[in-house]
Structures are given as structure tokens and as C-alpha cells.
Amino acid sequence: MSSEKERLYFASDYMEGAHPAIMQKLLQTNLEKTVGYGLDGYSESARARIRAACKAPEAMVHFLTGGTQTNATVIDAMLKSYQGVISARTGHISVHEAGAIEFGGHKVLTIDEIDGKVTAEAVEKCIREYWTDDNHDHMVMPGMVYLSQPTEYGTIYSLNELEKISRTCHENGVYLYVDGARLAYALACPQNDVTLPDLARTCDAFYIGGTKCGALFGEAVVFPNPRTVPQFFTIVKQHGALLAKGRIAGLQFDTLFTDGLYDEIGKNAIQKADQIRSALREKGYELGIENPTNQVFLIVDNAAQARLAEQVEMAFMERVDSAHVMMRIATSWATTQEDVDQLISLL
Amino acid sequence: MSSEKERLYFASDYMEGAHPAIMQKLLQTNLEKTVGYGLDGYSESARARIRAACKAPEAMVHFLTGGTQTNATVIDAMLKSYQGVISARTGHISVHEAGAIEFGGHKVLTIDEIDGKVTAEAVEKCIREYWTDDNHDHMVMPGMVYLSQPTEYGTIYSLNELEKISRTCHENGVYLYVDGARLAYALACPQNDVTLPDLARTCDAFYIGGTKCGALFGEAVVFPNPRTVPQFFTIVKQHGALLAKGRIAGLQFDTLFTDGLYDEIGKNAIQKADQIRSALREKGYELGIENPTNQVFLIVDNAAQARLAEQVEMAFMERVDSAHVMMRIATSWATTQEDVDQLISLL
Amino acid sequence: MSSEKERLYFASDYMEGAHPAIMQKLLQTNLEKTVGYGLDGYSESARARIRAACKAPEAMVHFLTGGTQTNATVIDAMLKSYQGVISARTGHISVHEAGAIEFGGHKVLTIDEIDGKVTAEAVEKCIREYWTDDNHDHMVMPGMVYLSQPTEYGTIYSLNELEKISRTCHENGVYLYVDGARLAYALACPQNDVTLPDLARTCDAFYIGGTKCGALFGEAVVFPNPRTVPQFFTIVKQHGALLAKGRIAGLQFDTLFTDGLYDEIGKNAIQKADQIRSALREKGYELGIENPTNQVFLIVDNAAQARLAEQVEMAFMERVDSAHVMMRIATSWATTQEDVDQLISLL
Amino acid sequence: MSSEKERLYFASDYMEGAHPAIMQKLLQTNLEKTVGYGLDGYSESARARIRAACKAPEAMVHFLTGGTQTNATVIDAMLKSYQGVISARTGHISVHEAGAIEFGGHKVLTIDEIDGKVTAEAVEKCIREYWTDDNHDHMVMPGMVYLSQPTEYGTIYSLNELEKISRTCHENGVYLYVDGARLAYALACPQNDVTLPDLARTCDAFYIGGTKCGALFGEAVVFPNPRTVPQFFTIVKQHGALLAKGRIAGLQFDTLFTDGLYDEIGKNAIQKADQIRSALREKGYELGIENPTNQVFLIVDNAAQARLAEQVEMAFMERVDSAHVMMRIATSWATTQEDVDQLISLL
């Protein structure tokens, strides 16, 4: 591994293990014996902390392993067999989950987006077109709207936008579900005005991402109304998503929601991303997508890409034209000032 | 948690975290940055060690999270859409996976068993009955045999038995797949003569259990012939079973297969289980199922059960008659001599 | 086709086209123009007649094409994703539907039977074992009981038996569904005391078989309570089971339920089967299964089988021992006295 | 029904029963006894005729009941579990099959179209984007292209276009499948240069529509290479698509492919549609979509729509703007000159 050390790594926000506080907690409790499947005291404690953070005292909280698994399990659990899920054309479930939603028998009903975001109007149009079509009984009924906060392009929904989408959903008997794989990085944005209690109030389900926000793995699914999905435990098992040593996930979220760690993780990533964005602007780089979270999209010409690639690991997004590409720099809880300074000096 | 400390815990083999050597390795590498999805160097190293241990230099090895997930993903990946999997009526996939195999569209074709084991004759009969039935085109074609080693009842297949079943499978164009959730505890048995290379030679796929054998979580799927399942990576993703920080699983198996740790874990559990079995026999207890691995099944009357329950956590298996029940004591890598001595003194 | 005429055909009850009254009705209405998908007047009329015959004025009635399709669609529509269906081990859905139930994601939970029939006690035991198992959250929840009336072996449930099973189901929150592929042949039995209104009163869903009872094809699904399955039309479409020219099915059932045709069809088959059974007994043949409906099971030695096979088409059921086999003779609406006389003279 | 007789019916091409020649054949053979499931002589004869018409002497031919069923069964049979099917955004499988493709676990990968048609370039782009994406292992692999001939908007692919798409598919290891629900109406077009042998030469599978082209129901699936899908019979059964009295479908196709009936049916519809199109143009109507087959799309203002609706049944397609709508007139084998003359006089 040592040769890798000489490079700078900004390719994604899941390149390290876990936040040291989590590792310490895992180590400290390692030899304790507890029951499995998330019924242990640490998972219970994590649930209580998440309910408190969401101001949703009745919420049902489950810990799953990863994002695709969580999306596939929650969406399948909430939809009727004949329903589909509305998503931005660029939504993770639409593009990068290898058909996991369809594996569960559900269609992803794609609608247009701008920088990863959909509007209440586009959602409303999709639902209305279904219900006003003479042949709608031959079509897939929209049963849920899927959003990601932040989106795959780092943009965030404002509270006003979220409330409008939520209202549109609930006026039409459609669930609202938010994928929070990188939620810490939305919550920590100065520009953000959507809190955890806001999510609990506007959504029928959402998940608080751990994998990309400081945990070894793990996503916390929150159903503000605990009666939304009966037998969710069994559904999780049926999807192969039930962790035997459930406490390993519970412990991580218990730690993330102790002493504001989840906030702190988000803030570090945002502060570092903002420094990089400022430096890029100063040096005349073009940003590919304007956003306030931990993903920085920049457009570089082929020569610059080749030069940077020798020293910095970034993610390739897409070819813009024959001379330019869009790359992504991701920061995280683990990004150090030293890394950022080196990166900026290279740019 | 402290009040739990006063009791003895023998309810299952997944009550603790991970073997300390694994925790140390996770801690030591925590801040390293690697690529995701199991493409990192630690996962590669773990694969190389497992290939060597199995004497299967070409084997394709993937790390998944848990047992049900692994069974559902592997079985779905190997079967044609119109095929089913033959299993003992008591097999884990038949009883305790909440319909995960059927969720993937496949029938579990159950056959009779004795103490969890099936015979080559019973397998052959099931296959022959399908092919000789005039209506077999209207029936589910057997495409795979599922065994567990050790079985859900702690019994093990001998090499001779395994080879006969393997021959029966392959003469009939049927895959053989072995669920090794507790494989360490079969491998460590003095009575066992089935080695990892034997499994690699006789099976089309099998998994080496981590969750119940010293890891935080994780199962290593081995396809001795790497061409058995094309696009397995995508299938894993589609099943929601792809770990973003794949190295966390890889590191654990890298550690388990370094310096004989997997063997050592197995041996501790077997030695402790044997002590308990000897003590039970001496004290006149009836064993529910004779087996040589880490699960001890005992039959106790209701009064004894009530008395033991005050101090020892065991698993309830079944009611034998109105006056007796069968309980299970499970040992593991983490079972200490002190625990065993205390347990024996209570019996 | 002419050479086939010289033989006697008793292999199944779906060897001819449709009852002449149906053919006449199809011919007579052939050039009329109607809307599709079962929304036409003939389908409406058939629904009204079936509701009247079942004394279920609110019942939702849909016409599907065949038995396996109907079972797969109805079972999938009624079960929750995590539920399975209890069936006799010999039930059609368990053995001869090529995994169609599992294709929809549901496990068939098999229980013991006698001559194709299950008991309320066996059903109750299966349900109770699920709910009293400590690990039932890891298991498939029984959500429905599947019966066939008559069974695959021609036996019938008495009203008392049906009511006990129905009570067991409903006390446990489990649906009761009856597969009536050959229902005409149960209804027409002198020994039968289960009427269509009884089915409507005790079942949550059942189907009245057309394919084996005089139609070209078609099964009428009856949900006595029309609110049992929302969006059933769309579910039918999703299962590929929606007939574009729905009136073709509707017309057939409209005819079958006009002037007692469905009863008449059943009576002819029973009368002919009874004649054959009497003749067999007189001539000293052993009946394989005693039953009062249109399927006659006889046990013959190998020589007799070979001799009969030259002139009579029967269905092979199973080899009894090295010297004997069980064969099936099926009568239908189309069986003539001449055919029966010839058959008896050959026996 | 009588009151309906006074109106003109042009809402769809499946409003009548079957072509009289089919009814006669069904009647004539009604009391013959044959084996089930399509293994009878009539089905064999129909297969032979279709193989001859397609100049595909080895082709495997199966008869299914309806279009959605056929699409769902064939697509599921041909795709690997991790593959999806490329379709025009307006394709029937994408819009009007209630999620039947997703029910089988497969994603519909939509691409842009013009009047229902896709181009080889658009197909090639979709495939190339998948394979050149760094993350394609996390995405749904294109395994098949789905076309309809004619399309949902009545347009047809030229032989040149079809051959280009076929070449693109096969150079990329992707199957080509053509939905021929209305194939008779493409084959009969003077503008059409794609014959049945051309389809058999360029496609891996296609179906010849019966339901909308003169049959009571039924679609003939043709696999020019019979080794394309092993166990298709069982897959059909598993999808609930196996007709017990298979001969009813076989007989219909045997008749359709005797003495050029399928051609004749197509020609009548085209001739009538052309008359209507000419009249519309003469009378100054705007055609919504220019096409040469049996569906005529016209744009009318609200007042004209209201006036016509009193006497003519048409299909509503979409609202063009606040003052105009697009309607569809469909002709078929059963459209008479009298109907057309009356319609034209009303326009």
C-alpha cells in the first residue's frame, strides 16, 4: 500500500475506514456479548438518539448495510406490486443500482431534472398524466417519489422545494422517500435549511447515510410513522439485508449521533470543499456544476487532466467535448488541511 | 450493558464483535485510502490467501455481508430462471431465510434429511423423479443441490458422502453449492476429513463463513472455476449486496487466512464444545443430536430449563414433549475456559 | 387427424374444443364490435349471472385464460411480499406450475395431505408453528390457504370440512382460496354438499374453471368481497393475463351460466365416470383412489397396461411397483355413451 | 348490444371476434380430441406453415395468448438476470404493459424515438455509453433491442433501417426482438419492404400478431434459431402463458397462414385506411402522424371532436393544445367499405 501514499486521493468519500471515534467504540465493546439482528442495547440507544435528532419520537429506525440495498428494500417494502417510483433521470436508483429496483419488480418512472434536482411541478405532471390517461389501468401507477439530498450532483433541495414536493405527493396519495447517502454533507451546508426534523415531517421514509459519512458501512432508515410498513424486519431479511451482528451498525450510529459527531463530519467536508472551490475559481477553472456540498465538479482540458492524474486521484464524470472533461473531487470527514493545501498547490 | 455481564451467554456464535486480530488490523489501516467495491489491495490479498488455502489458483472469490444474502445471491446467479434448488427440509434456505430464495424466483425443492444431512441417494431420487416424470416440462427443474457444512444441526458430511453427492450432481448436470456459515467449526473437528481443497474440488461454489467464525461480518464466496457465473459483480450489486468499502470485508478475511487464524478459531470452539458435551454426558444429560461441532444440543426437563435460564442464555430449539425441551449451547472463537467451567458447574 | 379417430381418448378433460352452445354463441356474435379487456356487455352479463349463481351480489368477477395463470395472478395479488401460501404437498401450485408462484416471489408452504385433501388441523398446525416459533420473523408468514375442489385426485371437500378450514383461516388472518379448475365436476356430484354460494361465503377468492369444463379456455375468478384486492385489473395486466378481446372469455361464461349449462356439463361427466367405476369394480380392477368426480384412477398390471394402451389413451400417473402402474381415465362434458360402452367392453 | 349498432366503430383493431374462416375451422374441428399444450397436429401444421412463410426451416414457433404476455415471456426468457431491454420511449413495453417487464426483473432502457421509431445510431449510442462508462458494472447491461413493426404510431421500419439496427445489435452481442402485434398491417403496405423472411434473417425473435390481425387471440413467437432459448416451454408455463387447449391457438394460425389469409387481412385494412387518409387530406384535416398502416391519426378541434364523438367511436390519443386533440381511427380485416363510406361522409 505504501506506494499509494504518495498520491492525493479525492476520488470519492468512502476511501477510508471509519471515523476514529467509531473505531474506538467498536474496539471498546468488542468482547461484549449481545443478541443479534439489531435487538441489542446499542442499536436501541442509536434509535433513541436518531428519534431525538429527528424530533420523531415514534419513528421506526432500522440499520441496513449500504445504499443500494437500502433503496431496494425500502422501495419494495413501501410500493404495491403494481406501483413504480418517480425519480430524476439521473437518480442513483435509475442509473447506478444495476437494476436492483426492477429486481424487486418495480419500474423507475424517470422525469427531467436540473443538476440532479426535480421540481414539484414535474412530479405533479407525472402523477397527473398517469391519472388522466384513459389507459392508466394498463400503466405503472406512481406510488412514491424518490429524491436524494444532496443529489448525485451535490445540489440540495431547499425547505420550500421539499415542502412543495411533499405536498404534491401527499395530495396524490404518493409516498415521499429521500436517499440521504451523503446527508451529513447537506446538513452541514450553510446554504441548507432542511433539518432532520424537516425530513421527518415531510417524508414517509428517508435514510441517514453512514457509509459515505464516517462509518465503516451502514445506513439508518427512518420511518417517522412506525405503522407505514408492517413486517419491515422480515422484508429486510427477505432482501438479504439483515445483519446478524446488528450491533456493529447500531454502535456506529450511536457514536455518530453522540456529541454532534455527524454534524462535525459534515462540517469538515464542507469547509474543505469550499476551500477547493474558492481556489478553483481564483485560478480560473470552470466549475461543472455549482453546488454547496462535498462534491466539487470541475471542467479541465485534456492536458490538465493528464497532468493532474499523475498526482491526484479524482473521479471521471464525463467527456464535455473533444478537448475537455468533467472531473469530481470529493471531500469527507477524513480530508485534512494538508491534503487540501497540497491539492490547491497542484491546481 | 453491565447487568448482562453477570450471566453466561451461549445462545449463539455471533454474540461478540470480531477476533482481536481483526480489530487490530482494521484499526491499523483505518486511515489508508483505497478504492471501493473490493478492488483494493487487501481484498486482493485475501483472495490470494483463500485461493492458496483452497488449492484453487483460478478461483473467483467475492466477499459478501451475510449468510442469507450470500445464499440468495449465489443461488440466483447460478440457476436458470426455470430451475430450483434441492435442499434438506431443514436447510437454512428452506426455513430461515424469510423466502429470500423465492424472492429471486426460485423454488426450494425439499428432500428428507437425518439430523440435517441428505444423502446422494435422496438427491439422485429427486433428480431422477423430475426427469422421468411425463410432465416434467410443467415442473421446476432441479438445477443445484444446497448443502450446509456443518449442517444447521452441527453434523458434518464425510469426504466420502460429499464426493458421492458431488458425483450425483455432476452426472446429472446439477450444480453443488455448500453453505459454510460455520465452516471453521467443521474444518477444526478431529472427525472431519473434508478440507478446503476438497470443497474446491467437489463443489461448483461454496462460501467460507466469517460472521459466525470471528469476523464482524462477511462471507467469502468461492467459485473454483471462475467462468461459472459471468457478471457476478453486477449480480451482487443488483442484489444490494455490494459493499462500498469492500476492503472492510477483505481485510477481515485477509486476517482470518493469515497465520492459521481461521483454524485456530475453529479449534477453540470445538475444544470447548467437546468439554461441554463430556460434562453433559457425565452428568446424565441427554444430547438431542450427536454432532462433533460447536453446537451442543441437550434435552432438559422444564424444571431444569427454568433453573438454567436464570443464569445461562441458551437457544430454544423445540419442545420435545410436555415435560422436555431441546436447547442449544453454541461455542465460538470467543468462548473462554472460564465461561465453560462456570457453565459446567451450573449444569 | 383421421387415424386418431380409431382410438378411444380418455387421457384428460381438455381434449376437445368447447361445448357446442359456446361455439354457437361465439359464431353468432362474431362480427359485433365491442370494447376490449372485459368491459363489454357480454362480460358484464356473465359477471351478473355468476354473482347470482354465487349469491354474492357484490362479488368482483374477472375472466382469465388458464389455471396456472389464474393461480399465480390471484395468489400474488392477495399475498403480501413476505407471505407464502399453504398447500397440500400434491397441490397443483406446488408440483405442476413450473414455479409460477415462486416467480411471483412467494413460497409454497407444503403440508401433508390424504388423497389430495388437507385438514383444518394440519392447516392450523402450520399456522401455529409459524407464530409460536421464536424465529418466525426470519420465516415466511402463512398468508393464504390454497385448496383445490375437486382435488388433483378427484376427491372433494365436504361443506363441514370446508367450513372448518375457512374458520381456521379467518381466525388467523389468513386468506382462503379455492382452485376450481374442475369445479363443475364437484358441483355435479351427488356426494357433494358444497355449493357456489357456500364457496362465496367461506372463501376470500375462488375460481370457476372453464378450460376443463366446456370452454375453449377461461377461468372466472370470484372475489366475494370486491374490496379484497385493489387494482386487480392492473395486476392482471402486469401478469400478462389480460385478454384484449375479453368478450371471448365473457361470452363463454355467459353461456355456461345460462340455462344450467355448467351443471349439465358436470352431470354428464359424473354419470359417465360412475359407469366406468362400476364396470371396473365388477371386473375386479383395483381403484387407485376412491373419489366421486370425473377422474377415475385404476391400478393395472404391466400386461394390462400394454394391452389397453393399444386402443385407449389414458394418463399415466405413477408406477405402483415393478408389476403395476396407476392410470387415470378422465371424463368430461364431451364424453359420449358410445365411448364409455366401448371402453367398458375393452376393460 | 343493439343500441351500439347505430354507431361507427373505429376505436381499435380488436373489436370483433375472428375472421370467419377461423371460426369455421374451429367449428369444424370442435369435437376432435387432441393432446394439449400445443403438441397437437394443428399446432404442428401451423408451425410448418409459419416456418415456410419465414423461410426459416429450423425455427422454433410457439403460440401465446396476447401481446403483453408474449413480450414479458420472450424478453425474460432471452435476457440474463442482469440485463435490460432497449426500447423507444414510446414502446408498448415501456408505457402500456403495467410493468410486466419489470415484474420479470428487467429494466426497460428507453431511448429517443421519432414517431415511434428508433435509429441504429441511437441504439449504438446507448450500448456504447454502457460499455464505455467506468461504472458500467454498477449499471444495467443492454441485452436486447425491442422494436415494434409497425410501431405504436403506425410507422414502419424499412429493410435498410432494420438491417442497420440488426447489425448494430449483433456486432455488440445484443439480441434483436420485434413485436409484431400488428404485423399483418406492415406486411400489406405497398411502402413496406420488410418480409417475414427478412425478419427471420435479421431478428433473434419476433412475434406474428394474431389478436389484432384476425384471430380471437394469439401471437406466434418465432425463434429463427431454435437453440436460442432452452426450455422455452417451461418458461412459458412458469409465466402462466401455456394454453391447455393449445390447438385453439394453433388452428387459428394454421388458418391465417393458409391460402394467404394473413396477407388478405392486412390488405383490407390498409386499403381502407388509405381511403380514410385520402378523404381526410381532401377535406383539409391535419394528420397527426404520417404513416402507411392501419392506424390513422388526425388532429381535430374540440368542436369537431364533440360532433364526431356522437356518431363515431375513435381512440383519444392526446391533447395537442387547448383547442385541439389527436384522435386515432383504426381499420382492420373486418372494416367494411360501407363503414368507411359512412365515416367519410361524416368527416
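Labels for the chains are A, B, C and D, by order of writing; each one numbers its residues from 1.
We take it that contacts are C-beta pairs under 8 Å (C-beta built on N, C-alpha and C of every residue); 3 or more make two chains touch, one makes a residue touch a chain.
Note that the coordinates shown come from a computational prediction; the quantities given were computed from them, not determined experimentally.
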| item | value |
| --- | --- |
| Interface copy of A-B among A-D, C-D or A-C, judged by whether over half of the contact pairs recur | C-D |
| Between C-D and B-D, the pair with more C-beta contacts | C-D |
| Inter-centroid spacing, chain D versus chain B (mean Cα positions, whole Å) | 50 |
| Distance from the mean Cα position of chain C to that of chain B, given in whole angstrom | 42 |
| Geometric centre distance via CA averages, chain D-chain C, whole Å | 33 |
| Per-residue overlap in chain D, given as positions that touch at least 2 other chains | 81-82, 97-99, 103, 105, 137-139, 234-235, 237-238, 242 |
| Residues of chain A that touch chain B when the two form their complex | 1, 4, 9, 11-12, 14-18, 20, 23, 26-27, 29-36, 41, 65-73, 97-100, 103, 211-212, 216-217, 234-235, 237-245, 248, 334 |
| Partner chain C, residues of chain A touching it in the complex | 76-77, 80-82, 105, 137-139, 141, 230-231, 233-235, 237-238, 242 |
| Contact footprint of chain C on chain B as seen in their complex | 81-82, 84, 95-99, 102-103, 105-108, 110, 134-135, 137-140, 316 |
